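In the two complexes that follow, chain A is the common piece, with chain B as its partner first and chain C second.
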Partner chain A sequence: MIQFNNFSFKYREGIEPVLYNVSLTIPDATFVGITGAAGSGKSTLTYAINGIIPHCYPGDFYGEVFVEGLDTVESTLTDISMLVGSVCQDIDSQMVSTVVEDEILYGLENFGVARSEIPARVDEALDAMGIADLRERSIDSLSGGQKQKVALASVIALHPRVLVLDEPTAELDPASSLAVFELLARYAHEHGTTVVVVEQKIALLSDYADMLVIVDDGHIRFADSPENVLAHSDELLALGVNCPRSTTLMNELSKRGCYSGPAVRNVAQATEALMEVLA
Partner chain B sequence: MIEFAQVTASYDDDLAVLHDVSFTINDGDFVAFVGTNGAGKSTTMRLINGLLKPSAGEVLIDKMPTTQLKTSELARKMGFLFQNPDRQICCNTVREELLFGFSVQGEVGQAELDRVDALIEQFGFNPDDEPYLLNRGTRQLLALASIIVMEPPVVILDEPTTGLDYRECEKVMGIVRQLNEGGTTVVMVCHDMEVVGDFAQRVIAMTAGQVVADGPTFEVLRNSEVLKAAHILPPQITEISLALNQNCAQLPLPIAQANTVDEMVCALVDVEKGGF
Partner chain C sequence: MAKFLEYVPGNSILHRLNPSVKLVCAVLFAIACFVCSNLVFLLIMLALALTLALSSGFGRETAGLCKAVFAFSLILALVILLTTPNGVELIALPWGYIGTGSLLAACTVVVRLMAAAIPLFLVFYATKMTDITNSAVKQLHVPYKYAFTFTSTVHFIPVFMNDMSAIMEAQTARGVEFDTSNIIKKIRLMVPLCVPLLVSSVRKTNSAAIAAEVRGFNLRTRKSGYKDYPIGLLDGMALGVCVLIVVAAFVVSLMA
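Moving on, here comes the complex of A and B:
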């Protein structure tokens, strides 16, 4: 479980806090999608989970953040890293090796995983991300989507309880983005891992997340199931968050009395609902 | 006018990344290139602005082959917006950044200063801000402004909305639309099909270094064979409309052809009122 208790944070060089009085509970094995306008504080929220705040970016930290019972202020970054695996937005800045297999080995060796256990962990991570065929490839020769999967494999090889990803599909085409979310969702459900994704592509979050968190100007405005959050498409638009068009369509029909079901999360749900409307 | 005549291109002699590609982009067009990573879209952009020359065939800009044009000549005709603005921004203040293109050409007179001031006002920039301290969306807007201040007849945009939030995306694309309405040719690579559907007049779909479709935006985005071949998903309302076409007999035409939320809502409300 991840628990924020009245958490506020102001970067040392900042004038105003970036997050104000955040209280949020994320149950184990939840797929959480965080979105909001640029500068709203959503990345800072993830930095508080993986310990970058306060251990790398100092500032004024108020309240408490617990990850799997670990107080992130009292713990070392190493302790937090044992629980939380992170993938940056800029994948190239995360790569430390020149060959795919070495990239996955790097974390395992640095975390002191027993030598006898390492080959199985590498195989498992490559298989989970569907990139076993890339094992001996040079990282420079990979596409953006392939590098993304290597970065994910190198993190999940460490068996983190929590995965934190900052815009993992920013540079990927729609098919590759979908593939990454499919892999993440499948991995999370199979391993009971909590996944926290910051993403602008709300259609993907709506489709895959168990919980949507909308951050606006340092405040959590919504933290609920996608259906409950997406029902507020007009309020979300005012916060700079544009719902998937399928959701907006059904919410508009709901306003006009043509649809009375819950907010839809994707094209399939909208199509199914419309077929009933048209029947 | 931009013409590709049976163009083949490669970064390595043994590995062609573009095969026999032909199309024409007329002055004032707004064209989106779509397709998966590695389909050849960015290579096509590099061929247009002359950073890459064809290994076979010809790329013609206003009837002149790019092989006979200097990069500096092409740069005056083409403004290129990189996907990552940080690969473009190089000055210490917003004003210096906007003047950079003129400085390189040795043309900083009163007219150029006035043009920069007008853009600073239009975009709402603080001229003394340090570009690298601006947020991602504002840096993207600055990179766009630094291109359009030179008033190139063609603007090439490589994933102009990547990493932007909804408001930033609308602002960037609104300015691009204004440019196009003023006569600027816009050539855009874009993965966001909602943006493509909202703004582009024409779509060229690519896969494995070849053009698989070229036509009016929704003609291409409603063609299921093209969508499959190029591994692309249409905008959501188009996808819903296509799915209803497949699953509902005697679907009213406005629903069967809807591509926007407004079109679909109007069509469905009419059905509810018994208008068909």
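Moving on, here comes the complex of A and C:
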């Protein structure tokens, strides 16, 4: 479980806090999507989970953040890293090796995973991300989507209890973005991992997330199931979050009294709902 | 052709050598080049280095490297040519002269730098960066932090080169003419680009440091590496040859 208790944070070089009085509980094995306008504090929220705040970016830290019972301020970054696997926004900077297999080995070697266990872990991570054929490839020769999968594989090989990803599809085309989310969701489901993803593409989040968190100007405006959050499409639009068109359409029909069901997440759900309405 | 210092997979003798042995051999080779100033000896060393490069399948990479080292060493050669009046006078200068000795010294510098650089660069083309780090830590007992810093620096050279190209392309799109033949003008145009490059470099290195830390960088010990790097007969032979080359360099140097 991840628990934020009245958490506020101001970067040392900042004038105003980036996050104000955040209280949030993320249950185990939940797929959480965080979204909001640029500069709203989404990434800072994830830095508080993986311990980058306050261990790498110092500042004024108020309140408490617990990850699997570990106080992120009291614990070292290494202790937190044993529980939380992180994939940063800048994939190229994250790569420490030149070859895919070595990149996956890096964390396993550092965390002292038993030698006998390492080959199986590498195979498992490569298979889980569908990149077994890239094993010997030079990282420089990979596309953005492939690098993203390598970064994910290198983290899931460590079997983290929590996976934190900051805009993992920022440089990907729609098909690759979908593939990454599909792989993530399947892995999280099979291993009971909590996944926290910062993502601008709300259509992807609404499809895969169990919980949507909307951050606006340092405040959590919504933190609920996608259906409950997407029901507020007008408010979301005012906050700079553009809901899927199918959701907006059904919400509009709902407002006009033509539809009384829950907010829909995608076109498939909208189609079903419309067919019910028209039947 | 591989990018600058990028590992090229292969199965040549150079690829099969132990990474630490490769590094030590390259350093020994470079030492031999700097110990001896005999041009014939240095030409033999250059021929050896080129043979090694060609036999390992790095002909094109080495040609590119030679071009770069040649351009750099020409500057040094020019300085030597103009400041070391030696031998029979060929051209008179207001402050001295260019002699046969100056010419020989200039040629020696060019050949020496090329011969010394080739094996060092070949190590990077024929060895994965991770293997160099792990092997140096395990066998040469280099502290991991230093080994990682070194390999990260090498790893980031092409990244920063790409960044520089991107910045230059962006400036070119705004009308800056980098393809001018006037070197002074080109330098004046490039100097302001150092600021965005520096900013981007600092940001990238900071991200890389954080990424390494969240993957247990601080837990790393000498025994952490998964792969083993045994030293075989081939490695022993390579070391023996390089030691002999150093001895030969000392002997030739003393005889001169």
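We adopt the following convention: the second predicted complex is superposed on the first by the 279 of 279 C-alpha atoms of A that agree within 3 Å, B and C clash if a C-alpha of one lies under 4 Å from a C-alpha of the other, contacts with A are read in each partner's own complex, and residues count from 1 in each chain.
The rule is short, and it goes like this: contacts are C-beta pairs under 8 Å (C-beta built on N, C-alpha and C of every residue); 3 or more make two chains touch, one makes a residue touch a chain.
Everything numeric here is computed off the predicted structure, so don't read it as measured data.
In the superposition on chain A, no contact is made by A:123 with either chain B or chain C.
In the superposed model, A:176 makes contact with chain B only, not with chain C.
By the document's definition of touching, of the two partners only chain C reaches A:81; chain B does not.
Residue contacts after overlaying the shared chain place A:217 against neither chain B nor chain C.
In the superposed model, A:64 lies in contact with neither chain B nor chain C.
Applying the stated contact rule after C-alpha superposition, one finds that A:249 touches chain B and leaves chain C untouched.
When the two complexes are laid over each other on chain A, chain A has no residue in contact with both chain B and chain C.
Those residues of chain A that touch chain C in the complex are listed here as 50-52, 56, 77-78, 80-82, 84-86, 88, 90, 92-94, 96-99, 102, 105-112, 115, 118, 136, 138, 140, 154-155, 158. Of all residues in chain B, those touching chain A in their complex are 35-38, 83, 135-137, 159, 162-168, 191, 193-194, 231-233, 235-237, 239-240, 243-244, 247-248, 251, 255, 261, 264-265, 268-269, 271-272.
Across the complex, chain C meets chain A through its residues 3, 6-7, 9, 128-131, 148, 152, 155, 158-159, 203-205, 207-220, 224-227. Interface of chain A with chain B (complex): residues 36-39, 89, 143-145, 167, 170-176, 200, 203, 237, 240-242, 244-246, 248-249, 252-253, 256-258, 267, 270-271, 274-275, 277-278.
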